[in-house]
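By written order: A, B, C and D. Residues from 1 in each chain.
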Amino acid sequence: MSLRNALLASLSGVLLLGTLGAHADTLEDIKARGVLTVGIKNDYQPYGYLNDQGQNVGFEIELARYIAAELLGSPDKIELVPVVAANRIEFLNTGRIDLVMATLGVTPEREKVIDFTVPYVSAAGASILARKEAKFTQWEQLRGQNVCGIQGSFFNKTVTEQYGIRLVNFTALPEAYRGLKDNRCVAMAFDDMSLRKKLEEPGWEDYKIAVEPYEYLPMAGGVRKGDEAFLEAVNAAIVKAEGENKLIEWERDYDMPASEYIAQRAEAARSASE
Amino acid sequence: MTSRSEALIELDGVRKSFGDTEVLKGISLNVGKGEAVCVIGPSGSGKSTILRTINGLLPVDEGFIRVGEHRVHELRSDREMRPLRRQVAMVFQQYNLFPHRTVLENVAMAPVQVLGHDPEEVRERAVRLLAKVHLDGKESRYPGELSGGQQQRVAIARALAMQPEVILFDEVTAALDPETVKGVLETIRELVVEGMTCVLVTHEMRFAREVSHRVCFTDHGRIVESAPPAELFDAPQDPRTREFLAQVL
Amino acid sequence: MVINPSYEQRKRLLLVGILLTVIALVLVDAARGGSAEWSRVIARLPLLLTGSAQGWPITGGFLLNVVMGIASMAIATAVGTLLGLSLLARRRLVRQPAFVVMNFLRNAPWLVVLFAMLYLLPYRLTLLGVTFEFSPLAKAIIGLSLPTAANFAEVIRGAVQSVHAGQWESARSLGYSTAQIYRRVILPQAFRRMIPGWMNLYALLMIATSLATVTGVQEVVTLLRTTLSMESETTLVYFYLAVLAMFFAYCYPIALLARRLENKTKGDSL
Amino acid sequence: MFGLDFTWLLDPTYQGWLVEGVWITLQLAAVSSLAALVIGLFGALGLTLRLWWLDALIELFVEVFRNTPPLLQMLFFYFTLTQLGFTIEDPVTGLQQPLFNAFFSASVSLSLFGGALCVEAFRSGLDAVPKATLEAARSLGYGRWALFRRVQAPIATRICLPGLTNVLTNLFKTTSQASVITVPELMYAAGQVYNDTFRTLEAMLLVLVIYVALVSLLSWALLRLERLFAYPGYGQGV
């Protein structure tokens, strides 16, 4: 009887899966290995992207290198692993990487599965990209409408639950943009910074940011749960960088608008160390 | 009739069922060394089943079977059966030659691979046996290239190559064209004359009469009558035997 | 059915004709201004085929699909043989679990198995002091090989069971052990009948390698999707057709050969 | 236990996504199976006409769809048809809207893919009707159409049922690929859930079990059908 067999098989499959991975002390591990493995973005200006020479650069990359220098003595004792929204938590929790520094917003859901470092940037959440003639300006006005999005965005659930928006979620960003251009959706919901960058490209003259983000949220690094010693070491490094005004420098280096948030944190870091 | 103690094959009270149908309802039969016994009877009377219980291809539900010193009914696994099967060869209605091996290989492979005999010696034996069944010159052919009668004679040579004490023949001419039957029967007749112990299930009444020392008539899972051929064919005792013979002769 | 001998020939002729017409149309299109689109496809062809613009080394693209297909098939053949022989085992304790595993893997969609493997296998696994690294590519290969193995097990079972029961009887009467019967009698005959099924499975697997795009492996569909974000909309159709043609050109001959062999072995049962 | 956490299943939003996912998967499978059967039937009928050019065209259709990835076929139908002008003007906004939404694109693509497999299944059924049976019927004076309707088709349908079971279960499994073109079926729902909860393994295991259960149910039902229609003593265990 195939049905019973199927259930049996699935049960045994579930039982066979113990917990895999589970590292004890990352700080010890990386010191033994002599290399820090960090998950970063490579398609996300200004935080992490490839420059013309094909090198990984960006605001978060600078910070990651700084941390490597603090922990291991050299900014080059680092392995950069490109990640995307949908796999970065998985990469971390299965041990592929030790630290995520990939535009990771601090949300309660994520807090349940990983530990956050101290936040280092406050970024805008999702905004709405639509054709110039679009009339809506509020999230609430999009109730029941088809809006293109991306699988794995943190705001998907909120947007569906709170604003009743029907998200049409693509797996890849280019396809979502194409969906919008093909008028499969009235608008596209995505990270504010990316959408603004897209508007600068040719072919997007007929579009605008129609709805502003409904929230700002701090971005932080992520480490595995319960990895106290490592978390403390990383936090110490970040605070040290803030105190040395490094983040303000990088902000300038990568053409980011000067943010009050970073300045405040630098101030706080200095006063704490005094 | 052969007495029990001298018998090479001894069956006593053998019963066998397939699901709800009882095919053998208590078969008792003795076959002496050098004896040729024919089993005849209507189809479905259990003739082929009797043969298959003798070399353990079918396990029995009840009863006693002995071949030489092997107590077949007590053997459980294939592993325990193997020494028995080396003494009891079988020839099938559908020949069951190995289609991926040449005629010579068909005859020679089992003695080498199962009995562990010297390949050179077995080869010579196989060539001799093929000549004996009048198939010299066909050694390197494949079974698919031979007629049914020729294939059946290869099967007999294959059985002989194992140097068995008994050969079981299961309706070996039933699938053959009439013109090729003769050669096969001739080969079997020669074996009987040489003193090979044979148990034959057959529809060829004339052949049974000529070749066998004793004929058993089976009906509905029982041996109804067992007698030398002259007696059984000319003066059958049981009404069922008479009825059957009236139909087929 | 009586077949007019020229029937098949006429049919073949038409198919070849259609193929030539398509090629001619592409060429005409290339000659008349449509060539802009095709030249884009040709410019990207090394990328789509090998994953690097230079054409070497292979970092992705269609050749990576080929590599994945071959690696998965190798694993699937080994695992599937074990599984298939377990399906034929006389012990219930061996046969039933094998049956459950086979059925489960056969009834699960390839895509879901692939996804499940991606998250089920750890990135690093230390067993007895040996550390195994599972890159997404390795995971995709394993994920693709599992359903293939289950299907191959079924092919093996079918082929072995298609060998006439008389072969078992006669081998057993000759005193062969079960292992010997498999090795000397059954498998040599079943082997011929397995080959078409094995090849068909390979063609199926090759097609399924496109699913690895969901695991982020840089195979041809992934590259196609990224490439399209850089190309203008009008080239879309051309790019898709080019990649569809790649798969067709690779898989169709294999499927054709498999069918020829199948028709050949159909008649050779005893 | 075992580090698996299924507590997210209690969240009504996730439940809603998953239930809708199963429902859409069933719809997609039903629509494309029906269409595939119709395509397969017409294709096989076309083959019995023994017109060489029709035969060639059907073969072309079958081979193209059988030997290319269904995923790519789906992407093709979803993205390029709009490009080729399959659009419709929205009466309100005056914008060109795609004629085929994701569900429709997936259905069309799956129907064609499944249809190609069905043609093959029906064809091999027709081929497998013993020549001797057909000769016997012809010698009894049956004409071509009567022969097909009264003898060939009834036997062929029964012979091709196991093959058809394979095709339909295969098609059902292939519906999971529609998630890539945003059809909110089961696989898509699972993606939504685990991207939110990060319980990837749990979500994938759940979906795996659901698919295996559904496909097992389908093949079991088709097996029953096969047994129900079988002619006693004919074509079994060969």
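List of remarks:
Keep in mind that, in the parts below, a residue touches a chain if its C-beta (ideal position, glycine included) is under 8 Å from a C-beta of that chain, and two chains touch if they have at least 3 such contacts.
Every value quoted in this text rests on a predicted model; they were computed, and no experiment measured them.
With centres taken as mean CA coordinates, the chain nearest to the overall protein centre is C. Taking each chain's centre as the mean of its C-alpha atoms, the one that lies farthest from the centre of chain D is B.
When chain pairs are compared by their number of contacting C-beta pairs, C-D comes first.
Separating the centre of chain C from that of chain D, both taken as means of CA atoms, is a distance of 19 Å.
Taking the mean of the C-alpha atoms as each chain's centre, chain A and chain B sit 80 Å apart.
Centroid to centroid, with C-alpha atoms defining each point, chain B and chain C lie 49 Å apart. For the pair chain A and chain D, the distance between mean C-alpha positions equals 39 Å.
The set of chain D residues that touch two or more partner chains comprises 79, 179-180, 200-201, 205, 208, 212, 216, 219. Shared interface positions of chain C, defined as residues touching 2 or more other chains, are 103-104, 107, 119-120, 214, 225, 228, 233. Remark: the chains found to touch one another pair up as A-C, A-D, B-C, C-D. By the touch criterion given at the top, residues 99-101, 103-104, 107, 119-125, 214, 216, 225-226, 228-229, 233 of chain C touch chain A in their complex. Residues 55, 57, 78-79, 81-83, 85-86, 88-90, 92, 94, 96-100, 109-110, 113-115, 144, 155, 158, 162 of chain B are the ones touching chain C in the complex. By the touch rule above, chain C contacts chain D in their complex via residues 1, 7, 10-12, 14-15, 18, 103-104, 107-113, 115-116, 119-120, 203, 207-208, 210-211, 213-214, 221, 225, 228, 233-234, 236-237, 240, 243-244, 247-248, 251-252, 255.
In the complex of the two chains, the chain D residues touching chain A come out as 2-4, 13, 79, 82, 90, 93, 95-98, 101-102, 179-180, 182, 188, 191-192, 195-198, 200-201, 205, 208-209, 212-213, 216-217, 219-220. Residue ranges of chain A in contact with chain C, taken from their complex: 2, 5-6, 8-10, 12-13, 17, 20-21, 84, 87, 90-91, 94-96, 171-175, 177-178, 181.
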